[in-house]
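Here the chain labels run A, B, C and D in written order, and each chain numbers its own residues starting at 1.
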Amino acid sequence: MIELFNISIQLGKRQVLEQVSLKINKGEFVYLIGQTGSGKTTLLRLIYMDVFPDRGNVIVDSYSSSTILPRHVPFLRRKVGVIFQDFKLLPDRNVYDNIAFALQVIGAPQRTIKSRVLSVLTRVGLHHKRYQMPQRLSGGEQQRVAIARALVNKPFILLADEPTGNLDPQVARDILHLLENINRSGTAILMATHNYDLIRQYPHRTLVLENGNFSREINPEELA
Amino acid sequence: MIELFNISIQLGKRQVLEQVSLKINKGEFVYLIGQTGSGKTTLLRLIYMDVFPDRGNVIVDSYSSSTILPRHVPFLRRKVGVIFQDFKLLPDRNVYDNIAFALQVIGAPQRTIKSRVLSVLTRVGLHHKRYQMPQRLSGGEQQRVAIARALVNKPFILLADEPTGNLDPQVARDILHLLENINRSGTAILMATHNYDLIRQYPHRTLVLENGNFSREINPEELA
Amino acid sequence: MRLLFLLKEGIAGFKRARLAATISIATITLSLSLIGMFALLVHHLSAQFQQTYGRIQLEVFIDPAIDSAQRQALEGRIQQLAAVEAVQYVSPEMTLQRFQQDFGDDLLTVLEGENPFPPSLQVILKKEYAELEKVEAAVEAIRALPQVDEVIFQEKFIRLINRYFFIGLIVATTIGATIFFISTMLIFNTIRLTIHSRKTVIEIMRLVGATHFFIKAPFVIEGLLQGLIGSLLASGALWLMSDLLRAFFLPGLTIPWMYFLFLCGTGILLGLLGSYFSIGKYLKF
Amino acid sequence: MRLLFLLKEGIAGFKRARLAATISIATITLSLSLIGMFALLVHHLSAQFQQTYGRIQLEVFIDPAIDSAQRQALEGRIQQLAAVEAVQYVSPEMTLQRFQQDFGDDLLTVLEGENPFPPSLQVILKKEYAELEKVEAAVEAIRALPQVDEVIFQEKFIRLINRYFFIGLIVATTIGATIFFISTMLIFNTIRLTIHSRKTVIEIMRLVGATHFFIKAPFVIEGLLQGLIGSLLASGALWLMSDLLRAFFLPGLTIPWMYFLFLCGTGILLGLLGSYFSIGKYLKF
């Protein structure tokens, strides 16, 4: 359902990825690790088609990067939930409206929006902060809003870029618990992370990005 | 040299800190931990006087929060290096200029600026990205620029808000190594973090913020 | 449902970027007031001018031996000409008086008590006959009538007035067009800047899967509303200003209601187009 | 050293916020061109008007029995009056011709071949004596001279011209002041918006320990430069436009160099003040 065939991509002067191939099946849970600057975020951006490969082809659901029309990209993105590394919350509206926006975009009726947003807010533990503006939230709270927004329209795959970077270990575990639940109900998950502790506690298939390519898939026990 | 006396502060409708007291001596290395939203960032903001307490008094070097004049705040900030949780890089100039800015502010001569900036960039391993714009850097690279800027004018205390949140464990250890070196040369460090692994590897005095107050100082071994 | 949501979003835009919205509206208000005021003044002055100088008068000197019945018959014939608006008899005494008014009270002294003027008819031409050729045609027609001695009209004066009016009109049109052009540019620029200040928001919307239409619509609606509010304020300002001018300098000044219609139409159009084109740049795919 | 750095930063601001800077400059250019063009046209037209209608002419009718030497002596005495610019002899034939010009070619027919006019002197008053009281004083002085029969002047005409000129001046000044006021507002608003779009940058500078002066100075310098560039462009535009107008409609049009000085001064001042006051809001401590 998600496949990358021999992807190469250059950003600025840097060859970020070189001949990368990857396949994620329906309902899989995959970790993506690798040093700072190794290209994890870039790989995720390729999947939600914010950048396009110089060579190779990205296939997501029925869309292919080499044939997709610009006006179809929004529809692809609605099927893919993204937790951005820098959150990307709309600074001009409150927590509730930020999350609701992802549903308004697909034209969901007001009542569905309300119940879905409130339920997902409860799940990430931010029900009481729903009328706050993002810039008044702590780093961890903002991250949880980002998670809630990615979940709210029940995507078939969730791309999580460092979703626990600003969370304390307890909350991080809670979030991972949440992600596993979602995964169990059929949503595939691709999660870029630096938190090896977490991988050890919740082991899944783990890909290592190194020198612009997947050097290997490793066993969680190997992690330093 | 840094003292908080019975600080209480409310932000919006929330009583974030209540009767908090704290003393950090010259050259100390202190960790600050606590759940998401427990007030770590707020405590750091009190020290660089971005917010002022409702009750109580913050003393930093020769400045006191109850008597400081607005026009003296910049001079206090120059003595305090801050690594912001959300980096706060200037989006309109490149890596080099971002770091140089902290020295231009204090009127350092061009030659000093150049040598100091290049040396600190080498220390955080970003010498080769010095002409890149921040938004083209990966999350971890941005974090290292933020670290470099906080270090460059040799502050007497360094406030680090989650400085390793976007870094892989190896780089995180390198940064902590760097911070310990700086600490050894006499700079005090107050570091808010969720990374208990790191605290266990580099143990120092550790304060736990809970329910708006320091519940206790804990032993690194205790950490879950 | 969907439309309602986009409309609400458009209105919410005001709250979300208050400074930007305020400044957009202010720009529209100020520019349109300027355009409106200028147009109004030019319109008023040129109308006044036309009223004062736009009707040509002819002096038709007639046979001094004419009797009253014959004169009235002649008046009737002149009146029937297509170009003529009104005819009035002027006795020699009245002519002398008019000369006195024009050339000072003491013309009689100069003329040593004599009245050299014959009786005449004052003929006022219709407004549409203010051009030189048409005047000349009318003069010929009257001259051809019996008992008409001579027809006099101020050819130089007509030429002069026509010329000044023409220059004035060109100058006013140039200034007006420049004001309009500049205002349009300023409004577009301001809107562009306000949208530029929200480019992060647009970028995030894109990434969350909003279609171009969905992103654009609220901005365009907001632009339209800004245009509407701005032009209503401008209409108010124009109304106030015209009231003041009427009270102090230009007693006959009135604003045709078309002006308000024009201001609102222009404001809405500019707000709409401005935001439509500005936002295009931030939507690649 | 420090100053040099701030200057460099000010210039760098252009590159860092290209759209904002461009639009600021465009606003300044457009507004100042408008002001300049309007002022220039009003100035030119009023000067032309004054040249045409600003000098009062008197007709001094003299004793028909006067001889040439006496007449020249009289001319000399009139010439010596403070109000008088020039005196010229007009024979009865010339007077008749003038009347013919004003009232049509066939006045002679009407007057039945007689010339009723006495000889006269045409007296032109100095520009400073265009007001009604001064004219009347001059008329009295001339009337008191021997061999002067009568002095005639067009009182109504003077009143009319004065009144139209006055109304024209008031209308032009009102429009001009409005344009100036609106332009100032627009420039200030644009600058405010461009600075607003950089509030994150300002906030970060504050947090890194920059003093108010250090944050402000580059913005103010940038504003000043924008004002300078904008006003230079406006000067260029004005020059071009005046060239075009001169070529096609207004042959005598010239721009005094003071205009360029004024435009640059205004541009710089507005850019400077606009940025100075706008940035103040984003600097609490």
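As a working rule, contacts are C-beta pairs under 8 Å (C-beta built on N, C-alpha and C of every residue); 3 or more make two chains touch, one makes a residue touch a chain.
Just so it is clear, the model here is predicted, and its values are computed rather than measured.
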For chain A and chain D, chains touching each: B, C
Chain located farthest away, centre of chain C as origin (C-alpha): B
Distance between the centres, which are taken as Cα means, of chain C and chain B, whole angstrom: 67
Centre-to-centre distance between chain B and chain A (centres being mean Cα positions), rounded to whole Å: 29
Inter-chain centre distance, chain B versus chain D - centres from mean C-alpha coordinates, in Å: 63
Whole-Å separation of chain centres (CA-atom averages), chain C against chain D: 23
Per-residue multi-chain contacts in chain A, two or more chains: none
Residues of chain C touching at least two other chains: none
Chain contact topology (line, ring, star, complete or other): ring
Touching chain combinations (by label order): A-B, A-C, B-D, C-D
Interface residues, chain B side, partner chain A - complex: 11-12, 33-37, 40-41, 85-86, 132, 136-141, 143-144, 161-162, 165-172, 194, 196-197, 224
Parts of chain B lying in touch with chain D, wherever the complex brings them together: 48, 50, 70-71, 73-78, 82, 84, 88-93, 101-102, 104-107, 109, 149
Chain D-facing residues of chain C, complex: 19-20, 23, 26-27, 30-31, 33-34, 37-38, 41, 45, 59, 61, 101-104, 106-107, 109-112, 114, 116-118, 149-156, 167, 170-171, 174-175, 178-179, 182, 185-186, 189-190, 192-194, 196-197, 245, 249-250
Residues of chain D that touch chain B when the two form their complex: 1-2, 5, 12, 16-17, 198, 200-201, 203-212, 214, 284-285
